[in-house]
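Just so it is clear, A, B, C and D label the chains in written order, and each chain counts residues from 1 on its own.
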Amino acid sequence: MSYKELKREVFEANMELQRRNLVIYTFGNVSQIDRDKGVVAIKPSGVAYEDMKPEDIVVVDLENTVVEGSMRPSSDTKTHTHLYRAFDSIGGVTHTHSTYATAWAQARQSIPCLGTTHADYVHGDITCTRDLTDDQVNGDYEEETGVQITDAYAERDPNAAPMVIVAGHAPFTWGKDAAQSVYHAALLEEIARMAYLTRTLDPHAAVLKQAVMDKHYLRKHGKNAYYGQS
Amino acid sequence: MSYKELKREVFEANMELQRRNLVIYTFGNVSQIDRDKGVVAIKPSGVAYEDMKPEDIVVVDLENTVVEGSMRPSSDTKTHTHLYRAFDSIGGVTHTHSTYATAWAQARQSIPCLGTTHADYVHGDITCTRDLTDDQVNGDYEEETGVQITDAYAERDPNAAPMVIVAGHAPFTWGKDAAQSVYHAALLEEIARMAYLTRTLDPHAAVLKQAVMDKHYLRKHGKNAYYGQS
Amino acid sequence: MSYKELKREVFEANMELQRRNLVIYTFGNVSQIDRDKGVVAIKPSGVAYEDMKPEDIVVVDLENTVVEGSMRPSSDTKTHTHLYRAFDSIGGVTHTHSTYATAWAQARQSIPCLGTTHADYVHGDITCTRDLTDDQVNGDYEEETGVQITDAYAERDPNAAPMVIVAGHAPFTWGKDAAQSVYHAALLEEIARMAYLTRTLDPHAAVLKQAVMDKHYLRKHGKNAYYGQS
Amino acid sequence: MSYKELKREVFEANMELQRRNLVIYTFGNVSQIDRDKGVVAIKPSGVAYEDMKPEDIVVVDLENTVVEGSMRPSSDTKTHTHLYRAFDSIGGVTHTHSTYATAWAQARQSIPCLGTTHADYVHGDITCTRDLTDDQVNGDYEEETGVQITDAYAERDPNAAPMVIVAGHAPFTWGKDAAQSVYHAALLEEIARMAYLTRTLDPHAAVLKQAVMDKHYLRKHGKNAYYGQS
């Protein structure tokens, strides 16, 4: 009962994945953390969006033990909780196999900053992680997927690049809550599509000059930001 | 009368082809077998989806003789019955000319396993068959199309790769019933699209490492599967 | 009054262009001939589909003189009437700037027969015309566009290839009536898209072998056709 | 109160951006000028289309001072007012990050005139501006973006090419009013998409011959235009 609002928000964020055409069938999952209570609400594993109800959302603690819910949580739950433990400023995580972002992941290439659409949301490349080793794959696979992501942020602020692509797999994004992590997933897909079109039109298209990267990111995100209404 | 439920399921599965944007006009056909009765229900030939009714579905035996129905069965019926005779574990077959899967078929290339989206559903390549010989084309063409498919599975479990592309033609997929064969047709189209984008971004993009292929396939399909609710 | 049914059919066929996503704004036009009366009904020039009414359809004779209607006929009318005069078996003509077919026209390449989807509807290449000469452009331009098309069919049956692309411009298609010419426009767009994907995946992808081209075309169109219900 | 009709037109034009799939979330903005009153109505900054109301539209003067409205105007306002000051024949301006036009901007390439779809609306290339210098970026950035655009039109009639792409950024389009500037944004996106497909199919595809460029532009726009109803 006490997790009702958290579960409703996670349910709504998951449904948004489908409305934004970021998933088909049971692909993808979104979670949100309640840091005071130390719990994460997440999509149940393998349930189709059209069949899912708010009460199906599963609540786990940060060690992945189910706290509330009768269904099995997403098979990617350990990756989510790893991210919440490592990045203490984030409140929501989204995983999709959205088409263009996944193509970059399959090509094992970071997405270069080719224009201001990218620079508005991410400061620098959208990193493609390194491949997991065979030991990582055969060990605690979903936990190790999280490790590959956080290793890529050893010297980077997760808020300056709230999206990453896992080599050979697909994207993970995050934000202040579940809804914002989905928003970042949709932006990533559009940025990935523009970058694909640019590089297939000209394989040598250069990255944006640093001054423009800084300008666009900071007019939206710096302390002197002047985009939007607040 | 006795085939009413079978025909309704086949009708619904055919209509799903259109909802999933896998066909236009009269393209495509789906069938399902009732192995106890030894009959296959299939779409009638050349009928548009918007005009089709459940009673238009044609029932044939495994030698392609019409058992019930006033319309002519799909011109691809012999390929379907060939597959049911050769693969005794399958219950449904779908044929489409979905755009990206057909492009791979026209390029006469098997779709390599470039990422986990593919690995989740197919263990290894999605095979492109060999070309039919002129004798096969001028002989019993639709039966021989089935032969080219089953020859490609001489040493492969059809359940580990429930989808194939016929060189110069288009895909066939199968599953435990008509609905699951359509599900596999939709997954194939998405996998084919991701693989197209990956290879046009980088023509030398490498296949996924074997450990990840095994991990993803087995977490969904092996006896130790832990994806989903059962 | 006497052209009411003809105008209604042409109106419906024009509206289908929009439903099939073959046009935006005022792009495209469809016509149909009544050979007994020697008149052609065609879309008015520059009218948006959402504003068009059946009574706006213009009726002209084969020398392009308006016979009925208060609006100016499509600026492409002379191309349509040229085709009706040259190809006496056709009853409808469609012109669009559909995206993929237009890309092939802009690349000035005929669309090769790469698969059975193409072979089902067109026997051989979908021809790209030669460029118009400067004299043709500066002379009776729309009539000369028709000449370029019919020149390409000097030794070819228009019914065996009811679609053509005009170099640097866009496609024209035809059929037994307006509705079938739109059907061919939609098929052309899908065939052009599949061919684009195939050739960008493999620039050297080979054309279909002749035996399969013949088989697929003839199972739908020859006197021994066995596709469909009649 | 006195700007009610102006604001309503600008609101409608902004909403059309979303209906035409030219924007997602808060991307893009449209404005319209009332030259008699010396004011420009424009979208508020960072407001989602689904939440926007006509009364949210902000009215500024040509020096970017807010004249009416409680919200902050678009962060791109200075680019709009720069264009109105420089091009005295235009009445509306649209900015989007539409996908294909943005890909050309990111590739820093002008869009060549490859076919009549382009020639019908733009006489010659769709210019890609030069990069802004670091001083321009770090100075009055949005004003300088306008400068880069008008510099590209030093010897060109803005009405003969009512669309431009800003290097590394995205397109701006204009017209007689807000609605027509959106119309040009939609046409640009389709022209950019066709040009992308043409050049990825054949990187050496040649531009249209001059006679056809002139013919198509002038049959729609010259004093002897014969397209449309007026």
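Structural remarks
FYI, a contact is a pair of C-beta atoms (placed from the backbone, for glycine too) under 8 Å apart; a residue touches a chain by one contact, two chains touch by 3 or more.
Going by UniProt, the chains are A, B, C, D = L-ribulose-5-phosphate 4-epimerase.
Computed from a predicted structure; not experimentally measured.
Chains that touch both chain A and chain D are absent from this assembly. Chain A and chain C have centres, each the mean of its CA atoms, that are 46 Å apart.
Here the CA centre of chain B is 33 Å from the CA centre of chain C.
Within chain B, residues 200 each touch two or more of the remaining chains. Taken as a contact graph, the chains are arranged in a single closed ring, with each chain touching exactly two others. Residues of chain D touching chain A in their complex: 24-27, 44-47, 71-72, 75, 97, 99-100, 102-109, 131-132, 134, 137-138, 141, 168-170, 196, 199-200.
Remark: chain C residues 114-117, 183, 186-187, 190, 193-195, 197-198, 200-202, 205-206, 208-209, 211-212, 215, 219, 226-229 touch chain B in the complex.
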